Amino acid sequence: MQMNRADLLHAYRTMRTIREFEERLHLEFATGEIPGFVHLYAGEEASAVGVCMHLTDRDKIASTHRGHGHCIAKGVEVQGMMSEIYGRKDGVCGGKGGSMHIADLSKGMLGANGIVGGGPPLICGAALTAKTLKTGGVAVAFYGDGASNQGTTLESLNLASIWKLPAIFVCEDNGYAESTASSYSVGGSQAKRAEGFGIPCQEVDGFDFFAVHEAARVAIERARNGGGPSMLHVRLARYFGHFEGDATTYRAPGEVERIRNEQDCLRRFRQQVSDAALLDSGELDVVDREAAEAVELSVRGAKAGAPPTEADLLTDVYVAY
Amino acid sequence: MSKKSYRTAINEALRQEMRRDPAVILMGEDIAGGAGAPGEQDAWGGVLGVTKGLVGEFGRERVLDTPLSESAYIGAAAGAAATGLRPVAELMFVDFVGVCFDQIFNQAAKFRYMFGGNARTPLVIRAMYGAGFRAASQHSQCLYPLFTHIPGLKVVLPSSAYEAKGLLIQSIRDDDPVIFLENKVQYDEEEDVPDEAYTIPFGEANLTREGRDVTIVAFGRMVKIANEAADRLLKQGISCTVLDPRTVSPLDTGTILDCVQETGRLVIVDEASPRCNMATDVSALVAQEAFGALKAPIRMVCPPHVPVPFAPNLEDLYVPNADRVEAAVRAVMGFKARELA
Amino acid sequence: MQMNRADLLHAYRTMRTIREFEERLHLEFATGEIPGFVHLYAGEEASAVGVCMHLTDRDKIASTHRGHGHCIAKGVEVQGMMSEIYGRKDGVCGGKGGSMHIADLSKGMLGANGIVGGGPPLICGAALTAKTLKTGGVAVAFYGDGASNQGTTLESLNLASIWKLPAIFVCEDNGYAESTASSYSVGGSQAKRAEGFGIPCQEVDGFDFFAVHEAARVAIERARNGGGPSMLHVRLARYFGHFEGDATTYRAPGEVERIRNEQDCLRRFRQQVSDAALLDSGELDVVDREAAEAVELSVRGAKAGAPPTEADLLTDVYVAY
Amino acid sequence: MSKKSYRTAINEALRQEMRRDPAVILMGEDIAGGAGAPGEQDAWGGVLGVTKGLVGEFGRERVLDTPLSESAYIGAAAGAAATGLRPVAELMFVDFVGVCFDQIFNQAAKFRYMFGGNARTPLVIRAMYGAGFRAASQHSQCLYPLFTHIPGLKVVLPSSAYEAKGLLIQSIRDDDPVIFLENKVQYDEEEDVPDEAYTIPFGEANLTREGRDVTIVAFGRMVKIANEAADRLLKQGISCTVLDPRTVSPLDTGTILDCVQETGRLVIVDEASPRCNMATDVSALVAQEAFGALKAPIRMVCPPHVPVPFAPNLEDLYVPNADRVEAAVRAVMGFKARELA
């Protein structure tokens, strides 16, 4: 698919916003001001954005513990997210969810998830809604290589297959589940697993936005046209620890630096659009600055925000209270 | 109004709600039956025939047979509920919850709170519970205390056909995740059940009889057993209130406390395993909130802390019965409260 | 592998005993004297026996709700089983388990299981014990086509694969899970699923004892020699309903009769050994009679047996009581 | 004897039992860490470093990193336990039990009973529980009431480093399935812990202090909070017994009842969700068995019936604290029992 300038700028802006968001959180977390667990998505931006560019609010996604990128790509407001991560009342979940539970159903974002493998069954349900109510929507489950070993994920592949659901399974394979390499934990391969359940799988270079974008286009089009589910096996890398605080001693010395220098999806995108003379670097620099400003603003907003009130403890449990 | 079985009452509730609201769908293993098979479709209508006939009226788009993958389809029901359907998912035996509990208690139950109130999850999970079917340890459990423990879930225990229909319709119309538990040995029990749709609100206990001396709180099938005991006791001059809370989450604490205030004595009949169960839950409520009214120790009639045995004679010893309820009531009546103080 | 006469007779006797056991239960159940759920294995005998012939007591198996055949094949006493099914104190589980929970750990039989997919994880554990303690044993999970969609089963395939466990996964595909056809419920195929997890799979004609026996030999030898897990996808058929009481209206008219007449494993075995002049039909007739007598005796014993005592209700919960 | 943290105490218990018995093995996600990775092995030693160093001494044959497949590996631990090993499996956060509960409550817990006594399942499942870590709804639950409800399981809640070591060694030597729950905010708490191996028997409560007026029963981390409240109350002339049951299944009912007989008043502090929890369990026990001794209502100090919130200020409101315990004790002291009667 040919992308127009606006699309390209949007893609770049979204990826850059995610990167800024995550790198800033990395710094802010170190100050001790951010509570709880924070899992950063930096390095994997091309996947979230390459997929979500094809989606609108009627399409649904389910995310993981490493959810910020998916949220931003699906259109969740940066300020609401940042405030949520700081536990503020005006966070997108009122401060009750935090980083691991950011959701915005109005944007079709069914939630980050603290349970690995929690999302794929939910996405079968969202896809079933689309199919039953004929909304024309599709549903996308993002999940990691670790999650690919969880029974909930595997069952979901089969359910989507036999029900021909408009579901896309995006396995974001960053090579590790916490400190455990996927070369150790994943028997067989993702593509063969997909085949095992009767689902087509496309191997995708997750450092290349355009590769993701194109593979996602095919899979999503198939789903929208009643062709059933697909899997994308996206190989990529995370730049920070599993969560903030992880010293990542299990990685090879220099492993991340090498990837950052040689494969980084943002750098590669700039290269590609410059080479093809689609966007010039001045425009992109403007986007860089704007993204940085938006994130800076959100951090200031979050720090200035008020925590939830005592009364909030007891609300939102049931529809009645 | 006509005599209907517990099974028919449930079937009718499903049918009427499916007619009323196209967003209501059913899913579960063999709830139609015969999927992909060469013979009869709707061959089973559920393992004990509860959903029989529904696929004929509503088709396979709304009555979905599932593969043997509870995590996937219970989770799918949760995801569908969060995105615009009102799924009624059947877990068959509640004992199977162990393979899909996450999707219930960490996902569906918590969406609304985790998402700051920005979610609605109108999901019903139907399942069979209870002993007496000679189905042994893995097909006879109650397990409602597990669900009751979890904030965000509602838990319903219909004690008769009439209750089952009204409570199931309420469950389907409710906007929160509801665990609706059917007692498998009651499916053939009949009583008068209105033909039209009606709802029974959650959190309102049913005073199945009023008495002076002792309040008996009983759950699900135990309501009948408690009334059987109360009949006998009346002949002995002991008059009992028998309360059916109908829903254990939410629980009608007000009515329970009011009754205990009046009678001063409490017996609780709970078929669930005795530790951290509803008998302890209600005991604790009363020991905290109506202590001053108590004239005698609270008595719990529960099974022993053992898995459900297979052998019929052992299973019959396991399940609380009217004799044990009667004995418990007589014991609390015989207690000389102030002497010991 | 060449089988000697004793082995052949043993195989036939075991299959015939299973058949007798199940057909008798079918009759006895109809009288209303047998409590609870009973799932009969008749028709599938070649699978249990073809596999278990290679096993000794140090080897472990896990079974399913349809467990009688596996039990008998693994050497559990027929009388103890029958008494258990009748809920008698001298049943192999003291009457506390019943048909769905027959187990005999002394024979390496880790239990029938009321939870579909319950067995495969346990078998990973039994295989791990064998590997860790270097017992030389292997562990076999029998499970159905329905169970092949359960997350517990799928996770176990991966665990066995990456740990290279001496485990064999025997998928007994009788075409149905309750009333649901595997053609509906199983996306992809069993063999491709195995491949998806890096496990070799052999397709096996489950009506042919010798085919099962040979495929099992290869898989078990591989496991014993440290070659890791395998799957056998055994196609077969059950002759009775899912459980006793099932009218099996979902099957095609005449479906079972045709299979009984044309593919029956016992009939085929007789044919094969006669054709090859390995055993004569007189010998086999003797086995038939003896098997019938053994089952008859066990039914009489079970009917005459005493139920557990009241005290038994409260024992065997913990080691202390 | 030397000062050791709760974390070190647990690590030492594992190490000593692994040295003592070659059948003891460990498994869990990242309990060594770095499996298959190019960098450091033993990179994590568990998500919070509890098992650090063990793979170095015992090797990967006995310290097994698992894939993210809790059903498979918890089930494998159960199967291994039934066939000759003594596995200690780590579930990381107890909140994850939803994806593998079947293998715990229908398999491991019931083997012995279903098989007529012919099974032994010496399995330990270690997991972290509790709020206070800002880890939100899916990583902060207690959930021990779910396990306590299930016959066949034993459930251990060590309240300090000393308790943790002795109770874990007992758990490993025990022949039944044990759920051993570690409070994640206590890992750095230090106290004197003997260097040598020792066991603390199950079902024997620890009387952490004796008093005249009120019995406080507290669980896990709440034991410290109860003692903090008791310190303050003593200055106000109110003397409390603080009881740490150590194991909630089996529960030392005898000691609880004895203490209530002496003090006549009971406060229970339970961090678990309030419905069908240990507070209700102990309340019910006492309301049935020691009613005559009670001079005041029983008071339960529990969190509200809501998921654990993320925001720190809400989470701090959620978890029971010494102020609330103090208020509860003062309330039961202020009750004029016989006036209301």
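A, B, C and D label the chains in the order they appear, each numbered from 1.
In the analysis below, contacts are C-beta pairs under 8 Å (C-beta built on N, C-alpha and C of every residue); 3 or more make two chains touch, one makes a residue touch a chain.
The shown structure was predicted, so the numbers you read here are calculated from the model rather than taken from an experiment.
Most remote chain with respect to chain D, judged by CA-atom centres, is C.
In terms of their C-alpha centroids, the spacing between chain A and chain B amounts to 40 Å. The distance from the centre of chain A to the centre of chain C, with each centre set as the mean of the Cα atoms, comes to 45 Å. If you average the Cα atoms of chain B and of chain C, the two centres end up 36 Å apart.
Of all residues in chain D, those touching 2 or more other chains are 66-67, 69, 71-72, 95-96, 98-99, 102-103, 106, 113-114, 136-138, 151-152, 305-307, 309-310, listed in ascending order. The multi-chain contact residues of chain C, meaning those touching 2 or more other chains, are 93, 95-97, 101, 113-115, 149-152, 155, 158, 162, 184-186, 317. Arrangement of the chains shown, judged by which pairs touch: all-to-all, with no pair of chains left without contact.
Residues 23, 25, 61-62, 64, 66-67, 69, 71-85, 87, 99, 102-103, 106-107, 111-120, 151-152, 154, 174-176 of chain B are the ones touching chain A in the complex.
Within the complex formed with chain A, the residues of chain C that make contact are 149-152, 154-155, 157-158, 161-162, 184-189, 192-199.
Within the complex formed with chain B, the chain D residues making contact are 71, 95-106, 109-110, 113-114, 136-138, 145-146, 148-152, 249, 251, 272-273, 275-281, 283-289, 291-294, 296-300, 305-307, 309-310, 335, 337-338, 340-341. Residues 35-37, 87-89, 93, 95-98, 100-101, 113-117, 146-147, 149-152, 176-186, 248-253, 255, 307-308, 310, 312-314, 317 of chain A are the ones touching chain D in the complex.
In the complex of the two chains, the chain D residues touching chain A come out as 29-30, 33-41, 43-44, 47, 65-72, 95-96, 98-99, 133-139, 304-307, 309-314, 317-318.
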